[in-house]
Structures are given as structure tokens and as C-alpha cells.
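Please see the structure below; I have some questions.
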Amino acid sequence: MIAVLKPNAAPEKEAELRQYMQSLGLTVQDIAGESTHMLGMAGDTSHLTPDMFARFDIVDHIVKVRESYKLANRRFHPDNTVIRCGNHVIGDGSLAVIAGPCSVESEEQILSIARDVARSGATFLRGGAFKPRSSPYAFQGMGMDGLELLKIARSKTGLPIVTELMDNSHLDAFEKYVDVIQIGARNMQNFSLLREVGRLKKPILLKRGLANTIDELLMAAEYLMAGGSFDIALCERGIRTFETATRNTLDLSAVPVLKAKTHLPVVVDPSHGTGHWELVEPMALAATAAGADGLIIEVHNTPHLALCDGAQSITPEVFHTLMDKLRRVHEAVNR
Amino acid sequence: MIAVLKPNAAPEKEAELRQYMQSLGLTVQDIAGESTHMLGMAGDTSHLTPDMFARFDIVDHIVKVRESYKLANRRFHPDNTVIRCGNHVIGDGSLAVIAGPCSVESEEQILSIARDVARSGATFLRGGAFKPRSSPYAFQGMGMDGLELLKIARSKTGLPIVTELMDNSHLDAFEKYVDVIQIGARNMQNFSLLREVGRLKKPILLKRGLANTIDELLMAAEYLMAGGSFDIALCERGIRTFETATRNTLDLSAVPVLKAKTHLPVVVDPSHGTGHWELVEPMALAATAAGADGLIIEVHNTPHLALCDGAQSITPEVFHTLMDKLRRVHEAVNR
Amino acid sequence: MIAVLKPNAAPEKEAELRQYMQSLGLTVQDIAGESTHMLGMAGDTSHLTPDMFARFDIVDHIVKVRESYKLANRRFHPDNTVIRCGNHVIGDGSLAVIAGPCSVESEEQILSIARDVARSGATFLRGGAFKPRSSPYAFQGMGMDGLELLKIARSKTGLPIVTELMDNSHLDAFEKYVDVIQIGARNMQNFSLLREVGRLKKPILLKRGLANTIDELLMAAEYLMAGGSFDIALCERGIRTFETATRNTLDLSAVPVLKAKTHLPVVVDPSHGTGHWELVEPMALAATAAGADGLIIEVHNTPHLALCDGAQSITPEVFHTLMDKLRRVHEAVNR
Amino acid sequence: MIAVLKPNAAPEKEAELRQYMQSLGLTVQDIAGESTHMLGMAGDTSHLTPDMFARFDIVDHIVKVRESYKLANRRFHPDNTVIRCGNHVIGDGSLAVIAGPCSVESEEQILSIARDVARSGATFLRGGAFKPRSSPYAFQGMGMDGLELLKIARSKTGLPIVTELMDNSHLDAFEKYVDVIQIGARNMQNFSLLREVGRLKKPILLKRGLANTIDELLMAAEYLMAGGSFDIALCERGIRTFETATRNTLDLSAVPVLKAKTHLPVVVDPSHGTGHWELVEPMALAATAAGADGLIIEVHNTPHLALCDGAQSITPEVFHTLMDKLRRVHEAVNR
């Protein structure tokens, strides 16, 4: 961390600031700039925040030089994290495909879709049992019953299940029954939830918040890892911008940026990322070409009757064709 | 809701769509546009989502004409909501001022600040006991001990206390001890929390999420109101934009927009909204001139030693001067 | 266009509004909604703006149902526009690759790079002669001398040249010497420039502005087309968001969205879109997989000595390898 | 400027980088951080860009410590700039009010509005003769005839005129006839225009671009000042964000931020900043309370018939009442 001082800082004020820095165990170094004087701090700054220095009157601003995440940082952990659920893998160079409906709606629905996507080559089954909905009047998911149906679908298809946890009161059930626990975009900075989920030491799919930077996504992963969970897949699912032609703006450059900054695998959600089923195919192909480790795709057998997100769900037929194209592109970039 | 059809929609497809609309209890009306055919739907559409129609092949897009919030809507509830905690009020035309430190740090600290802000005319005391922090390594608040210290500060000053709830496991304690429960920006769409807090029927300060629209803020309030809590103050605290000179971009036009759309009172947080203590005064004055019902301001006796948010906290002395100016501006706009 | 009326609109006010609509040659239709009354307008609304109706007291808001662009609209012009410069093409299903340095710096530099990229398979040569720079103290380009050097490079390699026009005073020179005139992101809504350039009837590469929506990009194209220029390639080059890990956020979903809305070809700029040379390859591959008609890529022989944009320029060697991968991905998605 | 090096940089590579820095006349200093090595550069860095160092292989990233603007920087020019047009002033502590229609539409219209706003206490007259319109089919302004009508209005009311320049071909006319030349938001980074206008040495109202940071606004001012124009008023007029309830998001914190960074006066445009006439009053009052030196407000005698921006124009009657409130608030904050 570097403190940029205001011009003409009084020497006694500067001495006070140096003393404070040293009291925190830091080594202080003078740095000269063009008409600028700075104080560099060396030592362990991971528990410090810029705020601690910003309020000294003589400080103009604080420059942070290093990332705040450690466990998630590729700089300190160069080898890729590989997540394994039985035979199904995320992060080993293959393309993981998590497919299924937005919500579990009935046994018939989830079984039918699960069989279809398994047959086409999906490697994980998604399906919401607890749903975060912006309106209190909208369908909120089947709850525990939905979880039961997912278990049946898993036993019939062999696909591990990925489903969203919204509340600490469901921790036990998710620990027992769920293969990969999804933390939704709206809960990426629900730190109470992150702290508890981290203790379960299960695979987690962590979605990037709508207004969260890549560094904040990595800090959320750091929460989970500090709790003891190391099998974390990061999910880019679109950020909020001024553009309204799409539901969100899918930030595909987050894929290579994350791959450079962290050893955790990266998954892309072209369904929420765009909000329109016609855009799912081109963006799934683009994510694969950009180097994603996996995709999470909403598939519904009767999208126009879906209880949520019908506009962005593709049919099993479209999914089948897409899988072929995905294999071709994955091969083309990894040859 | 209006469905805009694609050109040359097949008549049998259109008949199918009409039938579906009618099956939902809606009256369907043909609307002619320039080279466009549309179907208008009349009836109760509050439980419907555009998605339900968007996926019919012949639909180009869906236009929503009306707001989804009912209980929070001024259209149906024209009279202002006034929140009362003993003699202290938000929403009656006076200017409520909620002041105090980011975090409770010690008995001495919270008592000293509480007395100072009370003396200067603050009407509520703020102070965090549970803190949402983006780093797992940063100070996370004093927890229940912090709540105890806030109770002491209330008993010494008479100021009702406003503090943030992060977790359903603290619902009982907050119900018993806290006057106004704060829902933080990062939890504005934590629907599990909203659902439970709504049942307490206590006054709530609901902060706008960093990436949430005004309509989404009103839908979050609708969650609380659907649970039975009607005393809700909405809080503008800055949104995330491309500008980095300030921590967030304080959207003051949200004040008059909200006052037109809802009967709930509106509070502004110039501390989080800007991130810099020098900007708190001008933005607090601006918020008052824009018609805010209240302000929430971070005050710390030794900002450079604060355990969080020191850079945006003002001292009791600066707060005292600010209160004078606020009174003058409030009077000037309300004369 | 539809006018949503306020509740309880006075009949005489409504009559006045209807009369005004009719005076503009529009047919007015009553539309019933849930507790809402609306007036639909049918007829030619292309010259009308919502503002014209929004200010009537009884109007709550105006809903626009149709796009404002006509000439650029695929709805009215279903066939793809194909741009030809001799043997070089944009928009015929092949992948056009426009490569070269940010700025022309010397004859040696531009010739060396032009030969390298031609050998690797680039189909157009880019190079700035006039440079928009955010600082008045930075290198502003070689001007007319740069244009001369581009002509020499074209004659040596056969590659058509793409270069940016910033000022109407250079119209004549660009008309005579340049194959594809580039309109930069910062000039996308410089309507004086658009009006004049449109009259030249030459191929144009129109870049999307940093804060411009897809619809505004299409309206800018409409300006050029209204002037008589129909050979326009639209260029996605990143938009401005809150994310700072990349220079801009490359909005690749704009590719399929544009392909659906317009018949004009779409080119992607992964260099400006990311600002980091390491990200150029993954995003170029992703753009190709998303269905782009072309790419524009900054290539420099000595990036660390480049007079501008060195951080985002790739070397001829990296470009050569990239071309191989691009061909493989292009083939994979178009098989 | 500081170069943060990658870990384990080869000594010979580091020597090469140092040599390059020294060849630019900079003094290089070693800086130690936590597991980080940095090179600080002291000397005149105003003509350097981070790009020049970013591409050396061993550089992780570049940190810029100082602003790039010099002439606009309060650090070097602490005294406020005061702009005078006869008796009318911007920046001397009074509140300048620039009022008038979006476009000049007829002699009767501009004279009527000019007299009304003068009577209510406006200090400058605004009115567009050349209009930047997003549609080529919309009204583009009266052009030179509009300029003539503004001159008549000035002679009848004594109000100096503020009007937008869009094109270098009108420089002579604007130099002769216009008191304050407006550079519109869409032209804030039209560097060809900035360069030419800067040479006129006339007062300029420079509007912030929709997606431009405060620092970029100051760099645009630097262009004008480098050309010799020092009487520049900066105008906050709303930035583009995800919120759609308002046309733009008026960033009022830009007012105190700019007042700290620069000596140039700051004007706020609540009309474009919000897009709704009902929001003009609260935001004009808020801007005044935030410390703005002036306001620019759209006033139209028959807003529902205005040829542009009718939705955001207030009537002369509303303007008259607003002026009273503005005086009260201005007095309250400056007492």
C-alpha cells in the first residue's frame, strides 16, 4: 500500500503518520514523485484497509498495489483446481455442461428434462427448488419437495445435481442431498450465508453479482475458502449495464481475466446472461471459445408454460444440436 | 400487458395465444399499430410475468404498462406513511437525522458519539453490531455485545436505535431490542431475509442495492409489506456506475421519483453514497433540498482510528455545524 | 406508440389529446387495461417523438412499440448487406480480419506490419493517421503524412485500408484515398460528421460509442444511410461499465442481437474491447464463435515502443498463431 | 508513475526497463512492498502514458499517482475562475441561471420566453440553433436563422446568449455572435472541435459526456485551455447508468468533487439530467444546495408543442416560482 501525501504536509503530521504505520508492523519507505511525496508500506497488509490511512489529514489518497484475496489467488496457488463429483468433473480441461429447468415443477417435468439432457451429453443437472423472485406474488419454488424430485432425477440419470441455497435454515438438507451448492447472484455478498456454506466443505457454484467486480467475486470465493471449502466454480452470468436489449450484459472477458487471476474453474451462464433463448447458442459457443471450463444452461420441455424464465429456456431439441456445436468449438480451440 | 406480434403471424398460432390469455382470466383486445399487430390484455395481471407470453413463437416482445407493486404504490395509497418511534418520526414533513458510527466499537465510543449527536439534534442513533464486510479477514462487528451497547446508548440519550440485520438467526434479538431494523444494500434482494423480517411488523430502513432500480427497491418493500410490515423507510445510498471519483454515485433524483411513486418516506445516506467525508455536507444539504424525509450519516469521534468506513465518517464537530445548515435548507425549501 | 393515461383523466382533456393525435394523421384507438386507460396510435410514427405526447397533463407515460430505424432494419430489408473492396469482403459469411497498428508511425513501421499481417491472412489493413487522444499533450497522429504511408502500404500488399476520419475538413482526402472510412466510438453521435460522411457513399466502419445502446448505434447507421451510404459495418468495441479489470466491457451478445435487428455486417474489436493484449486472442475467438462477420485487431511489431495503445497490441507472431485458431473456430461454427 | 513488477523478474529484464525509463529523463527508485517489487518514476510524466511501460514483460501493472490535467488543476491554480459577460457572471459566488427553450422555433417563441425568464431573474438565455438529434428524421434546428433570432432576443432583454456549436464550419459565426459557446455532451470528446474552439478564446460551457468520468471532463477542459481559452464552465448533465426511471442519472456529487479538483465554475443541467419536468425543481434546488455556481434550465411557453425536449421543459410560471426557491436555498447555504 502507498500513501500519496498532500503537497506541503507538515513534518510533525508526517511523523505521526509514519509512527502509526510502524505501530502496525509495517516498514515505511519514502518515495519521490513529480511534485509529490509518498510513503510506501511493506509487510503484511492483508488485514489492513485503505480507510485506516485515508483519514490522516495529510494523506491525499491511498494506492493499493496488491490483491486482497490469498487462497483464491493464482499467484500463490498456480495449479488449477479440479472439482470432481463421481465421474463428473469441472476444471480438468473438458467442457462441463450443467443443464436443466429454471425451477423443478413436477416429477414428470424434471425426469423428462433430466433424461433428455443426459442423453445429449450434459454432465450435471440443474433445477431450482428454492427460487429468489423479485415479486412476492410470483412462484417461489417447490421447496423441499423440489429437492426430493431432484434426488429421483439423479438416481435415474446419474447426473450430479446443482441447486441454489438461499437460507441457512436449509444447510443440513443441502449438505446431505445436493452435489454442488449454488450461491445465486443476489446472494454473492450475503456474508452470513457464505460463512455458513463455507463450513460444509462441499463443491460450490458461486455466481457473480449483477453489480460486482471480478475482484469482489474473488473476495466472495475467499470467504468460502476461509471457511474450508476449496472446490469452488465461479460463474459469470451477466452484469448490469445501461444496455436493455439483453437482460444483462454477459461479460465474457471475465473468463480469461479470471483464469489469469485465480486457479478456480470458470463457468458461464448464457441463459441469465442474455435473457433470450435465441441468444443462448451463440453465447454458449462464444464462452467455450473464450476458454470457459463449463456452461450452465436452462432447458425446458415446454418453455411457454414454464413457471419462470421461459423466455430464456431452450428446448431439449435445441440443446441437443447445441451440444454438437459446443464439442466442435471446444475441440477447435484446444487442438 | 401488451403482446406485440411478429409480422405475418399465422392465424392459428394467434388463436392459440388468445386462448391461453383467456384461460388466465384476461380479456383480450386487438390493437392496430403501424405495420404492427398487438394483443392487449386487461384484468388482474399482478401475478403474471411477461415470460409467460414471451415464448409464444409469434410474439415479438411484451410491453408492461403498469407497476408490479401494489401495497407500496401511491396510486392506490395516496396518503404518506409516517413512521413513529416514541417522539421520533420519519415522514411527517420534518427532517429525521439518523447519526452514529459505522460500527459499535466500545461502550466509551458509542456513548460518546451518541451523546454528541443527540446534543446536536440527531433524532435516531445508528451503529453496526453485525457488519457485512467484503473481506473475511476484516473486522466483522461486535455482534450481540454491540447490540447491548446500543441499548445502553439508547437509555442514556433517548434516541431510538437503527442497526443492520444480516441473518434470520438474529430475528428474535432484533425484534426485542431494535427500534428500526436496517436491511443493508447487499441484502435488498435477500428474499429469505425479507420474508422473515416482514413478519416482525417493526419499522424497517430498507437500503437500495448497488445495482437495483427504483422499481426493484419498491418490489423489495412490497415483500416486507406483503409480510405485514408497513412502516418502511426507503434509503438511497448510491448506485454503482463507471465513475470512480466517488465510492458510489448518489442518485438524488431517486428522492422525488420515489416520492411520486410511493407513499413511503425516503431517507438518503450521503456517507456511503460518496465514500468521502468532505462530500457528506454538500450531499446532505442537496438531499434535503431535493425533498428527503431524512438522512443517515456516519459520525465518529476519531475517524482515522475507526474500525471501518473512517474515510467517510465526519467528526461530531463537523456534524454539529452541518445540523445548523440542514435546518436552514430544510426551512428554505418548506417555507 | 401508445399513450398510457393517468387515472380519472377529464373527458375534455382526453378529447383534446385525441384531436392532437388525429391532427398528426394518426388513427386513435381506445385500449383497456387493468385499472388503466390507454390510447393507441396507428399510422406513420417515424417522424414523431414520445415527447410530443408526454407533456399532455393526462398522460402518465408513452410506450414506444417499434424501432425508429427503417433503412437499417432487417424487418424491412431481410437480405444481408455485403461490403466489397476489390476482392476483399465483409458480410458474405467469410471472416474479415482488419489488422494493423493503432497509429501509423513511420514508413518502415507500417510497411513491416502490413506485410506481416497480409502474409498471415489479414484481409484489410488498419492504421490511424488522425488520432483522438484524451490528452492534448499526447501524440495526435501523423495526419496527412500518415495517409500517404497507408497508400504506399496498400500498393505493396494489396490490402484495402481502414482509417479513422475525425473532421469534415478531411472529407476530400478520405474520399479519394481511403477504402473504408472509420467513424470512431467518440464520434458515433457526432451528427455533423455523420451527415457529411454519409454523402460520400463509401464503405464505412461505424464504431459503437462507449455509452451507446444497440438501438442508438442503429440510429447512427440510419444517419449514414439516409445520406446515401449503404455499405456500413457496425463495430462492437466495448462499452463502459463499473468493471475496471478490463478497459471496457466487450458486449459480445451485441453480435447476435445486431444480426437479428439489422442486415448490416458486424465486426468486433477485441483490442479496444479489453485493453490488454493477453485478452485479444480469447475474445477474438469468442467473437468468431458468436457469429461476427469480422474482427479488427491491433498489431504492432514493437508494442512496448508503440506511440499509442501498446498495452493492447499483439505482435505479428501472436497474430499469425491467432489466425490459425480463428480459421478453426470459424469452420467449427459454420460447418 | 509506479511500475509494479511481476514476481521473480529477471535482473537483465529489469535493467532494460530501468534504462528505458532513464532514457525518458525520469529518475528511477526501488520500492519494496509485501512480496512485491516496484519501480517509482520521478520527473515530468505529463507527456507519458502508462502504455509506454505496461508492455514490458516483467511489468504486472502501472499505477498512476497524479492527475494528467495541469491548467485545469486547482492544485496549481488555487483561485476560482470567474467568467464575465458584461454584467453577467459565472463563478463569483452568485448563482448564475441560464434559461430558455431547447430549440429556437420562431421569433415570437424565443422573444416571449426570453422576456419571461429575464423578468424572473435568469442571467443568461439558452436556445439551440443547431441541434444534435439521435434520429436523422427529427427536427435539426433552425441553423443560422436561429442564431439571428437569438441575437434579437439578446438585444431586447440584455441577456447574453448560450448556444451549442456542433461543427467547425460555424466557428466564425459563433465567434462573432455568441456570448458563451456550448459544447454538447456528445461532443465532449470531439477533439477536432475542442482544438478549434479553444483557439477562439471565448467563454465556453463544456458539458460532461454521458459516459465520461470527472477526470475525462477535466481533460476535455484541458484541451480548450491548451488552445488558449480559460473561461470554461463545466456542466454536469447526467450520466448513463442502468436506472431507467430518469433519462440520465444526475451525478450531483460531481459538483463538490469538481470544486475540489479544479478552479473552473460548475453548472448543473437538471432538465437533461432527469428528462422529466416535475423533477427539474427538486434537482435544481439540490444542485444549488450542493454548491453549484449555476444552473441551465429548459423553459418553454407551450411544452406540449415544443419541437424537442418538451417532456423536460418547465413553463415560465413554474420557472418564476422556482427562482424564488432557488434564491432562498442559495442564501441558506451561503449565509
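A, B, C and D label the chains in the order they appear, each numbered from 1.
In this section, contacts are C-beta pairs under 8 Å (C-beta built on N, C-alpha and C of every residue); 3 or more make two chains touch, one makes a residue touch a chain.
No experiment lies behind these values; they were computed from the predicted model shown.
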{"item": "Neighbouring chains common to chain B and chain D, by label", "value": "A, C"}
{"item": "Magnitude of the superposing rotation for chain B and chain C (Cα, nearest 5°)", "value": "180"}
{"item": "Inter-chain centre distance, chain A versus chain D - centres from mean C-alpha coordinates, in Å", "value": "38"}
{"item": "Geometric centre distance via CA averages, chain B-chain A, whole Å", "value": "26"}
{"item": "Intercentroid distance (Cα basis), chain C paired with chain A, Å", "value": "31"}
{"item": "Chain A, residues touching no fewer than two other chains", "value": "46, 211, 239-242, 244"}
{"item": "Chain D-facing residues of chain A, complex", "value": "1-2, 4, 7, 27, 29, 31-36, 38, 40-46, 63, 65-66, 75, 240-242, 244"}
{"item": "Contact set on chain A toward chain B in their complex", "value": "20, 46-47, 49-56, 68, 132-138, 140, 166-169, 186-187, 189-192, 195, 209-211, 216, 219, 222-223, 226-227, 239-240, 277, 303-304, 306, 308-311, 313"}
{"item": "Residues of chain D that touch chain B when the two form their complex", "value": "211, 213-215, 239, 241-246, 249-257, 260, 273-274, 278-279, 282-283, 285-291, 325, 328-329, 331-333, 335"}
